[in-house]
Structure formats: structure tokens, C-alpha cells
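The following blocks contain the structures, represented as C-alpha cells.
Two complexes come next, and they have one chain in common, chain A, joined by chain B in the first and chain C in the second.
On to the complex of A and B.
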């Protein structure tokens, strides 16, 4: 469904991603692990079109999307849960969701009923402003907002970042539920245990290069590699 | 506070009606003002109302879309010159002049917006400034058409619909025309910023990239906001030209754009009501201050600096803070 082939991405003069390739099949959950600064967010930014790669290619549902603008990808069915759960803080929870639904246009996004059934806390907070939400609530809203656009693939950039362990577990249950619904996900994480618990395939990035790809069980057994690249 | 407690016990519908009624009070006061106030104050109020339309329109860009235009005077001036050309060459009927003015401003804004919105931040600011300076230069140099630095005179229009003709002769009629335009602008822009379109603009202000990731072609929405803001600024320009019966290249001056920004910031960006108060304060400072002292610009500069340093959310921000500190001890 999503194929990244040998991409090289730069921020100005600095070469961040070196020859990164990865695959995501329909219904699959792929985790992208690595330390801070390894290039995880850059990989997401390259795919969604924030920072187009200078070399290599990306295809989505068979179409080449290298360098395509983000709104084109959104219309094709790619959803993003950005890092730091950046919701629109000047809008209420419901306004955030409706904003996302309108963006979906003709494609069918999740209805408010379906979102509230999945995330009951958002229904309780429907009229609350974005700034009044707790970190966990903001993360739920960021995920729900992406679902409201009706994506076939969800890119999640560190959904566990800065959350208390109990909330991280809740995010994990949410991801598992989405996986059961058949949603394909690319999960960027530093929280190795969370990623391994939901992923079908794991990639490890180090200094902008893929240094491991395979089943999560293999990574779990290889403590030397975990220590070297992930520090756990 | 006791009145607030009492009213909070009443049904929501009554409360809403009451609130709506309160909002109309300033308009009623403004409608009665020329009947009691001397001509100088009537004229001053008219100017404040027209400038308030200008400031509100700029707030749509600065406060709601996050586009800091330093060339908004271009549209004020464009509307003023369009009024001069139209009353001179086409018709003095307001029902003809108004649509021609607004449509020509919109057309010009599409061109400027299309080019300027290819950039953002400082580049956008400089490009909008450049476009307004271009018109300033054109108004001075192309004197055969624009009257050069002498400017052009503008006829007082009338309202004509077939046999039904209403002249807008005395100042009082024009005052009510401006008041009606102000009230309509306020209502329309309030509806606009509270609409789904307005929410889209706020999203763009917070983070345009993230809006694109949701599927929004953000530049189209920015262009739409830019054109809407320009049309309202053009309306203000047309009204001011009719009031002054005269238009000069100074309307395009960058200082006019700068004053617009000061009105928005001092009043409170992203509130619509704030810029109205900002227009009041700035224009009072200018017209009363300039007759009292040569250094009124200095005073305005100091006021602006004080606001930026101590009340970055403007007059509205101060009012909200006062209300909160009044309520909090009881809450």
C-alpha cells in the first residue's frame, strides 16, 4: 500500500535520511523505532510531503507521490497524527473534529457518533477548548481528528510522547483496536514496548539509515541491537 | 456581579435575547449621537466607523488567518479612487457605485493575493507593502488619470431606483449610510469568523502545514480571506472618499497600513470588537492629538509600545483580564 524506496531527505544542507526504504501493506502495523534525532519524524515528513525527499521514490496505492503536497495525500487517504499532539487549540473538541470532517470532503470520514463511541472522553469534552484538555485527551483528539478524515493509512508520530504510563497503555489499547478494524498504521515511537506490542513489522533507524527490519520478536531477542540503537 | 448571578438563573433563551439586545445598545447610541453632538464630533465618529470597518477587515487577516499584511491601505485607497472614477465617469448613483467599487477591489485583491500568498511571513509582509507603494507611486505619477498629488474630487452620491431618488446631500445622510455599512460589516464579519470557513482560517493561523495534512488547500482559503478583507477595506475607502469629497495619494501611504496594524494590535487581534476600539483610540489620538500638539505621532508610538509590552492582547485582553479578576474571588 505504501512503498518508500531509497529516499534521501535534507534539511537545508544537512543530509538527514540516507537511502531509507520501507513497506507498509494494507491492514498492517509497521513500527519505526530509533533514538532522538535518528530521522523518524523526518521519514514521516518525507512521506506526507512536508519535506519532500531529494532522491528516491514513494508510492501510495500504486501512485507515485514523491513530493506531492500534503493535501493531495490526505485526499488519497493518508492521515497524520502529528508529533506533540498538536490540536487546534483555539477551537473546541467538536470544532476540531468537524474541521477534519469537512477536509475529507467526498471521502467518508468517521462520523461524530462513531468517534464519540470510540473515544467517550471526547464526547464529555466536546465543547471544551483545545487548551483545556489534558495531554491524554489531546492525544485522543489528535488521533480522532485524523480518523475523521477517513484515512486508509495512519501515520502516527510518537503518540506516547510525554504521557503518563497509564495513558500510554490506553493509547496502546486504542492502536490495537484500530488495527483490528483493519487500518494500516505507520507508528513512529521511542516507546519500544508499546511499538512492539502492536507492530507486525519493526524498522530501526539510526543516524538516518535503516539498521534493522523484521519481526518484533527478533528485535526483542536481540538485546545487543536494542542496547546499541534504542538504549533499552 | 449580583446582576450576573441573577441573570444566570434565568432560562438560556432569555439570557441570549438579553445579550443580543445589549449588543445593539452601542448601535442605538451611535444612531442618536448626530442628533445631539456638534458637527465636528459627528464627522469624527463617521471617520471612526469607516476606519473601524478597515481595522476589522485587517483583523480577518492578522487575527484570524495569521497573515500580517503591511499593505492593507492599498485596498482602502483602491476603493477611494474607484469611488472617484465611478462617480466622475459612470454614475453618481450609490447602487451603481457600490458594486463597481467592491468588484474592482476584489479583482485587484485576487491578483495581489495570488502573487503575495506564494510567500509567507516577512516576505508576504514586504510584498503587500510593495504593492501598496506601487499604487502610491502610480497615484502620484499618473496624474492625467489620478490627478497626481492634487488628488481627485469625489461627488456625493445619491440612491436611485427608477423614479425613486434619494440624495445623500447633507452630512447626516452620509453618517447613517456609514453607520449602516459599519453595522452590516460587523454582522457579516462576525458571522464569517464563527462559520466553518472562519474555523478553517483559525486552523491555518495555528498551523497551515497541519491543515494541509488534513486535506485543506490552504492557499485557496488564504486567498479567499485576503479578498474578503480587501473588499471590506475598499468599502471603508469608498465611504471615506465620499465623506471627504476628495481622495489623495496619501490614502495609499504605508503609514495608513501601519495605523491599521496598530488599531488591530492595540484593540486586540482576533476579536473584531477590539479593532473597532483600536480604530477609535488611534483616530481620536490622531485628530484630537494632532490639533493639540505637533508630537501626536510620538504619543501614538508610546501608546503602541506600551500595549505591545504590557498588554499584547490589546484593549480586549485588558477587559477580559479585569472581568476574570473580578469573578475569580467568588468562583
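On to the complex of A and C.
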């Protein structure tokens, strides 16, 4: 479904991703782990088109999307839950959702009823400004907003960042439920336990290079590697 | 200042403020959404006035000018956005400023060669030519009409931005254009739309002003500077900010000229400096996040 092949991504002159490749099949959850600054967000930025790679290729549903503008990817069914949530502060919760439903021009976006049934707290805060929510509520909104676009692949960049343990557990349950529905997900996390609990395949990035890919169980058994690349 | 002259100046202040709002609204939205300081905005205002002048002369109808001049100028704005500005979004502010400044200079030269360096004016259209007496004071009907028209446009714009899907897209784009794009919003098209809309508003201001303010070469930069002051005071990318700041600057200009003729320019800038000291982000600035 999503194939990243030997990409090299730069910020100006600084070469951040070195020959990164990864695969995500339909219905799969792939976790991308690594320390702070390893290049996880840059990988997401490369896929969604924020920072197009200078070399290598990315295909989505068989079409080459390297360097395509982000909005065309949303139309093709790629959804993004970005690091830091990036909720629109001038829009109410409901406007954030309605905008997402309409902007991607897809038919399979989650309806407001379905979103509110899944995230009751968003219904309570429907008329609040997007950034008046707590961190956990904002994260739910960021996930709901991506689902409202009707994605076939969801890119999630550290959805547990900065959240209290109870909320992290809720995010974990949410991801497991989405996985059961067959949504393909690329999950970037620093919270290794959370990622391993939902992932089918794990990749580990270190200094912009993939240093491990395989089943979560293998990573779990290899404490030396976990220590070296993840610090846990 | 007697009460009578005060009321008259107040009317003039309102007229000028609302004309200023038409110009500053577009400038502020373009600045807030596209992160482009459009230094050609004043030239689009003047172009709107000149094109309106010609349409009025050819057809004899000010109303056709009011309708078609903004449309024609918007088309020129679209061309400028599509073929010049769009190449520069990924570059820094300096490139954009140089580009829009250059466009402004070129337009000014074109206007000089087409319309010459005379001071022009347009006759007040017939049904609005005259005065009505309210509370014993004579008010020029056209000026009152400009006030009503300006308020209606302001209300319409507010509804557009705050109550419609396109408006939500614009607000989202002002907050975080990159994230808006990732949700599927065609950002280049939204930029083009807002740029064209902004230039049309400036041109509309130019036509609406032409029966009461003269049209002359150099007016483009005078207007641009006042509109920039409005944007600085009101904050980037906010219609409410542009509205209230237009009132402040318009009133300061009119009353400054009446009360302190030697210091009128100073009054406007003193207000701007004061606002910058207290609220450097402007009175109403929308929150913006720009990553990557």
C-alpha cells in the first residue's frame, strides 16, 4: 500500500535521512521507533510531502507520490496526525472536523455522529475553540480530524507525547480499535511499549538510517539493541 | 470644533475608515494566509480607480465601473499570483517583497502611460448626488451611501470568513497552511482565490472612493502605507482587526488633519507605535504556527 524506497531527505544543506526504506501493507500497523532527533518526523514529512526527498521514491496504492503536494495525498486517502497535534486555533472543534470531512473530498470520512460516539469528550467541547482543549482532548481531536478525511492509511507522529499515563492508555485502546477495523497505520512513537503492543512490524531509525526491521517480539528480546537505539 | 463640524468630520472619518477597510482587509488576509507582504496592493487600488474611471467614461455608468473594474483587476491579480508570486512561496520574505514592489512599480508606470499624470475625478452618480438634512445638518448622500456599502461589505466578508466552509479553510490556512494542506485543502488554489479577492476589494475601494477623493499618480503608495499601518495595528490575517484598526486610522487621519494639520501624519504613527508597544502582535492577531 505504501512503499518508501531509499529516500534521502535534507533540510537545506543538512542531510537527515540516509537511504530509508519501509513498507506498509493494507491493514498493517507499522511502528517507527527511534530516539529524539533520529529522523522519525522527517520520514513522515517526506511521505506526506512537507519535505520532499531529494532522492529515492515513495509509492502509495501503486502511484508514485514522491514530491506530490500534501493535499493530493489527502485526496488519495492518506491521513496525518502530526507531532504536536497542530489543531487550528481559530476553528471550533466542530469546524476542525467539518473542514476535514469536506477538504479531502472523499466519501468514506467518519461522520460527526460516529466521531462523537467514539470520542464523547469532543461532543461536549464541540463549540469550544480548538486550542482551548486539554492536551489529551487535542490529541483526540487530531486523531478524529484525520479520520474525518476518510483515510486508508493513517500516519501518526507521537500520539502519546506529553500525555498523562491514563490518556496514553486510552490512545492505545483507540489505536487497537482502529487496527481491528483494518485501517493501515504508520505509528511513530517514543513510547516503545505502546508501539510494540499494536505493531505488526517495527522499524528502528538511528541518525537517519534504518538499523532494525522485523517483528516486535524480536526487538523485545534484544535488550542490547533496545538499550543502544531506544534507551529502554 | 463645534458640534456641527464634529459630526461632519465624524462622517468623513467613517467614510475614509470604511474605504481603508476595503483595502486593508485584502492586504491583511493575504499577509496572514500567504505570508506575503503585498507591496503591489496600493497599485491595485489605484488601478481599480483608473479602470473604473475609463469604464465610467466609455459607458456613462458609474455602476458598471463599480462592478467590472474589480473583476478586471482581480483577473490581473490572478495572473500576477499565478506567474510571479507562486514561484516565490518557498523563498524568503525579501524575494517576495522585491517581487511585489516591482509589480507595483510596473503597474504605476503602465498607469502613468495609459492615464497620464493629471488629477482625475469622477462625478457622483446621479441618484446619490445631493444632500439630505438630518437633525438640521446637511449630509452628502454619496458619503452616507459609502458608509452603508462599506458596512455591508464588512458584514458580508465577516459572514464569509466566519460562517462558511471556504472561510474555515482560510482561517485554517492562516493558522497553519501546511497542516491545512495535509487535510486535503488545495492551498495553491486557496492562495490564488484570496489574492484575487483581496485585489478585487482594493479595486472596489478605488472605484468607490473616486467620486469623493481625487485619482492621481502616487496615490498608490499613500494608500499602501496607510493600509500597512492598519494591518500592523489590527494584526495579521484577521478581518476584525482590519475593521477596528481601519476605524482608528481613518478617524485619526481625518481628525488629525482637522485639529492638528501639521501633525496629522504623526498622529497615525504615534497610534501605531503605541499599539506595537502594548501588543506587538497587533490588536487581533490570529495565532499562527509555522513548522518545517
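Note that in this section the second predicted complex is superposed on the first by the 230 of 232 C-alpha atoms of A that agree within 3 Å, B and C clash if a C-alpha of one lies under 4 Å from a C-alpha of the other, contacts with A are read in each partner's own complex, and residues count from 1 in each chain.
The criterion applied here is as follows: a residue touches a chain if its C-beta (ideal position, glycine included) is under 8 Å from a C-beta of that chain, and two chains touch if they have at least 3 such contacts.
Note that the coordinates shown come from a computational prediction; the quantities given were computed from them, not determined experimentally.
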Task: Clash or fit (per the criteria above) of chain B with chain C on chain A - done: clash
Open item on the list: Contacts for A:89 in the overlay, against chain B (first) and chain C (second): which applies, first, second, both or neither?
Closed with: both
Open item on the list: Quick one: is A:10 in contact with chain B, with chain C, with both, or with neither? Answer first, second, both or neither.
Closed with: neither
- [ ] Answer with first, second, both or neither: which of chain B and chain C does A:98 touch in the superposed model?
- [x] both
Task: Which superposed partner A:51 touches (first chain B, second chain C, both, neither) - done: second
Open item on the list: Under the stated touch criterion, which partner chain does A:71 make contact with: chain B (first), chain C (second), both, or neither?
Closed with: both
Task: Which of chain B and chain C A:131 touches, first, second, both or neither - done: second
Open item on the list: So chain A touches chain B in one structure and chain C in the other; where do those two contact lists coincide?
Closed with: 48-50, 69-71, 73-75, 80, 82, 86, 88-91, 95, 98-100, 102-105, 145, 149
Open item on the list: Going by the contact rule set out above, which residues of chain B touch chain A in the complex?
Closed with: 196, 199-200, 202-203, 205-207, 209-218
TODO: Quick one: which bits of chain A touch chain B in the complex? Just the residue numbers, please.
DONE: 48-50, 69-71, 73-75, 80, 82, 86, 88-91, 95, 98-100, 102-105, 145, 149
TODO: Name, in rising order, each residue of chain C that touches chain A in their complex.
DONE: 165, 168-169, 171-172, 174-176, 178-188, 286-287, 289, 291-292
TODO: Write out the stretch or stretches of chain A touching chain C in their complex.
DONE: 45, 48-51, 69-71, 73-75, 80, 82, 84, 86, 88-91, 95-96, 98-100, 102-106, 131, 145, 149
